[in-house]
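Below: a set of structures, written as structure tokens.
Consider the two complexes below, in which chain A is the common component and chain B and chain C are the respective partners.
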Partner chain A sequence: MSTRARKATGITLFWRILWARAYPRIVGAWREKDWLFFETVVPLGTTAGFVFVYRAAGAPPEFAGFAVLGGAMTAFWLNVLWAMGSQLYWDKDGGNLELYVLSPGPLMAILVGMAVGGIFMASVRAVTVIVVASLLFNISYQVSSLPLLILVFLVTMAALYGLGMIFASVFLASGREAWHLANLLQEPIYLVSGFYFPVSALGFWVATFASVIPLTLGMDAIRQIIFSTQSNIGFLPVETELILLCFLAVILLALAWYSLRKLEEIGRRDGRLIERRR
Partner chain B sequence: MTANYAIETYDLKRIYKIRGPKRKDDPAERVALGGVSLQVARGGLFGLLGPNGAGKTTLIKILSTLLLPSSGRALVDGLDVTKDVTEIRRRISMVSGGETSGFGLLTVEENLWMFARFYGLENADAKRRIDEMLEVVGIADRRRTKIADLSTGLRQKMNFIRGFISDPDIIFLDEPTLGLDVTAARDVREFVKRWLRQNPDRTILLTTHYMAEADELCDRLAIIDSGKLLVEDTPAGLKKRVQDEAMFVLKVAPLGKPVEGDRIEDVPGVQRLAVTDHDAHVELTMALTGEDALPGVLAHLSRRGAGLVSLEKREPTLEDVFIQLVGRRLTEAAGVEA
Partner chain C sequence: MAMMSRIFASPAVRRSPALRSLLSGLWLGWQIETNWANPIVFITYFIARPVASLTILVVMYSVIAQDILGTPFFAYVYLGGALYLLAGQIVVGVSWVVIEDREHYRVAKQIYTAPVNSYAYLLGRGIARFAVSVLSVSITIPLGVLVFRLPVTWSAIDFPLLIVSTLLGLIAMAALGVIIGSYTYQITRQAFSVGDTLNGVFYLLTGAVFPIELLPEVLRPLGYLLPSTYWLELARRALIPQPVAFQAISSLNTETLLAILAGMAVVFAVLSVVVFIWSMRLAKERGVLDVETNY
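And now, the complex of A and B:
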């Protein structure tokens, strides 16, 4: 090899790392197609259950749509818990974490790459659930503003995956206990974040508390935008929720950046980055 | 600015706190490095030879910025491992034995591309380097194989490309041929030698517990045991230290129990002795002050009723150096690698 390699620094390096780390997830979504089947069928079953209950109870037709939206959004929550939160833990076990840390870019670029790849993977699943369930249950949508819908979705994802990056640090620091933590968080969030019903039904204080999880406000805002004919279903006005989501995104991403730096510092001091311990 | 040395350490110590449940009398900490001072000149291959648990990996992890020292100082390319972390990482790389990094569903070239991009290489440059190195290492025909389908040897060859693809100034090879078959290990060693011939200004720090590997590859060598650096020299220089002695390997069967005060080590002229039990015989590797000490040894064995299977005089090896320094064979030194 005669010529020296030219290595990017700064933003260019961040960008290259981001897409390099997103690549396995984007490619993986198509290379292992069986996951698409299993991860679509299970939420479809749960969604169908809620749809039948709502119809049997004589709820307004939009409630079936709420259940479909919730079924689709579970993809992102599961992705954040299992493919963001616990990913660094598995990466440590497989030997990738050492190589991430050893490379000259920030760990944050790796995490953002994971998030971009994860959002892509989860979006494929979410879209599949929405399309199949909407056709099956004859759901109709009244979208008040497509740009606003896209904006709310993107800000929700930024905040949600910022939370996922914090989980990644916490899970890595806590080792095997991360497994139990992820299990503990998975199901209750479906309830308190109002995955299958308007979160306002839980009352102001529960909804406020649950808003720490960005999906609570995100789904509530999306629900109000895509079922615009239904009034009084929102916890807060969409604009307020969007502002709060922006605020959450900034806070959570900043916390993620800080916690990753802290994690690396502690890891280097205590030897946790290099240990193989289960 | 060019530093005088590629690697420098000054009284480097690393102490691990032992976590988790333990008995009252268990130690609360373990000394992995007990004050290592070392200077590695720029260019060439420097080896660290020592048994498992000697502190080799701990030293490499500190130098590669994955671990902080408990005390002392370490410089890589003149940069401090505690402060100049990003700049050091831009200049180094690492390959470990038994490495399972990468993503199984990606192909060999996709994995290599991903890691090249982690170092900020341009797309075209990364692909050109991957093509070249796949050819050099001899796995170009596997470029589109998913790495989950690779054998251990092929995977380690890919790991080697991964380590060298970022064009490092200094590369750490931590037991790189661990678990490889003879052919794969030879290919890997050939690759290392070729890379250094083409890039004489680069530095490789190799840890190994294979003496033949250290002897074949290293320009200079340090022997490390129990977190302490015992000696440092060229392989020839190290062997010269035991050159004045006559090295013999005797195979005997059986070797009866020694009589108190009449052990082999007590025979006049026996400097050192290492005993290895085999199924059918016992192997005695001994350093004598001279050939004239041999009859005394044979007489001793005869008194103990030992039948002589074979006797061989041989040139000193690094193993002899290790035995002289540590008092046991390298392979006998047990422990858990940090």
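And now, the complex of A and C:
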């Protein structure tokens, strides 16, 4: 006697697709040991370089911690650029995008699944960098509030991956330039978001404009929480930054949903959604 | 294009497959690196990244010390960061060429079966990346002079030393790039990480932005094995009359440094040919010469 499969619809379908897309990233992070090696050695080289820069300048030991935190957080930014922003473009190139579009599932669920898997992958890399670099350079942390640290991190991730979903639509529409766009958004963002130094050093207005990148406020808040013995390093009070990050998360996720719908509409109309060009 | 046609039609180029392949790779690499956007976007792209990288260093030092701009130590850091752009591009550039040809453009098998000298072609593509980076450096150093009081003056630049050391450095670093590119042929899924990983490690080991003496003793000898360590020191000496002195590399005189770099150029050039031939043979045996992983 055959049993009929129950067709998933609505939220159930969204939920299943989300985990189906997140699955390869979560499993892949553990199955591929060589990936883990490359993913930790790449940021460690540059991070160690910046630690030595601070040491050469005779900076207090906490500044080496700033460099390590920045090096770890690059994992999330690079993940947003390359594994979120560029992903749909690569999926189009590899022939997966047409399967996504033809499937009954919503594209938004695929993007959210990519984000969930991406956060996991980047977290593995970030935690490894923090642990290894902290041991290598003897860095200590004074965490003022662990629940607040976790809350700030989660809200930052929600906002950041909302931005990543917007990038996915924009990069897909930009074709061959996607590669260069992602490249262009690396070092300039490391600079204006204060990855390796307190963003307040750039002055109020630069820090304010840079706050549109969620990592600017997120890292500033995390820095204030985990280096609580250092005074006057924050751009804004942690509570204010948390409220602003909540606003950013809502706005960016809504914009991501809108831009994906718009992209799909334009892509279908112009017949470019699954067109491959190199 | 007309100029390139004339060069390709010249008797010397027509007679030499290696030279023809080198120039083809160079021309193709230049087109790929530069023709993806209009000139304004392209220039913005090639200014924004290096300027941002160097400004990160400027801000890091400024956070610690107030009056660091214009000091010899700042010049050491800034010039090291700016010049490393060239070294990094050529050393890891060939590795990216392999990935681009194999995975992105999917033309590895066409290139392999075409009547080209593959070694010279790869070298040409690597030199094209170097040439594009020269544009970035030629902007970032004057910017350092104008904005960050970098003590470089046109009249004080030792041009013969700069040119000779850069030519020797170019040979040695390009050969190292081919060695890394050859190794990239053996790697499939993580191939794209090889160049970036080594770039980060070399950035650390060459002491581009901090004195190499700060490295743990066990790591310092690795830095001494890299041609970029010597080229950076020589280029700094050529650009600044009295660069800040540290121990080790800085204690060697200029002639000794040039001799070491020349020796490295010869050794790496020979080694790169050997490694390239071995790697191509192995890649054919393993069937990974044109493998597409979509990774």
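One rule holds for everything that comes next: the second predicted complex is superposed on the first by the 274 of 278 C-alpha atoms of A that agree within 3 Å, B and C clash if a C-alpha of one lies under 4 Å from a C-alpha of the other, contacts with A are read in each partner's own complex, and residues count from 1 in each chain.
Heads up, the rule we're going with is that contacts are C-beta pairs under 8 Å (C-beta built on N, C-alpha and C of every residue); 3 or more make two chains touch, one makes a residue touch a chain.
Because the structure is a prediction, the values reported are computed rather than measured.
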> If chain A is used to align the two complexes, do chain B and chain C fit next to each other or clash?
Replying inline: fit
> Counting only touches as set out at the top, which of chain B and chain C does A:F50 meet: first, second, both, neither?
Replying inline: second
> After lining up the shared chain so the two structures overlap, which partner does A:G94 touch, if you call chain B first and chain C second: first, second, both or neither?
Replying inline: both
>> One more residue to check, A:K33. First (chain B), second (chain C), both or neither?
In response: neither
> Angle at chain A, chain B to chain C, CA centres, as a multiple of 10°?
Replying inline: 90
> Can A:R16 be said to touch chain B (first), chain C (second), both, or neither?
Replying inline: first
>> Looking at chain B versus chain C in the superposed three-chain picture, what is their shortest Cα distance in Å?
In response: 7
>> Identify the residues of chain A that lie in both the chain B contact region and the chain C contact region.
In response: 32, 94
> Can you list the chain C residues touching chain A in their complex?
Replying inline: 36-37, 44-45, 48-50, 52-53, 55-57, 59-65, 68, 73, 77, 104-105, 189-190, 193-194, 196-197, 199-204, 208-211, 214-215, 294
>> Touching residues of chain A toward chain C in the complex: what are they?
In response: 32, 34-35, 38-39, 41-46, 48-50, 52-59, 63, 90, 94, 176-177, 180, 183-184, 186-188, 190-191, 195-198, 201-202, 278
> Hey, which residues of chain A end up touching chain B in the complex?
Replying inline: 1-2, 4-9, 12-13, 16-17, 19-21, 23-24, 27-28, 31-32, 94-96, 98-105, 268-271, 273-274
>> Under the stated contact criterion, what part of chain B meets chain A in this complex?
In response: 16-17, 61, 64-68, 86, 89-90, 92-94, 96, 99-103, 105-106, 110, 113-115, 117-122, 125, 129, 132-133, 162, 166-167, 198-199
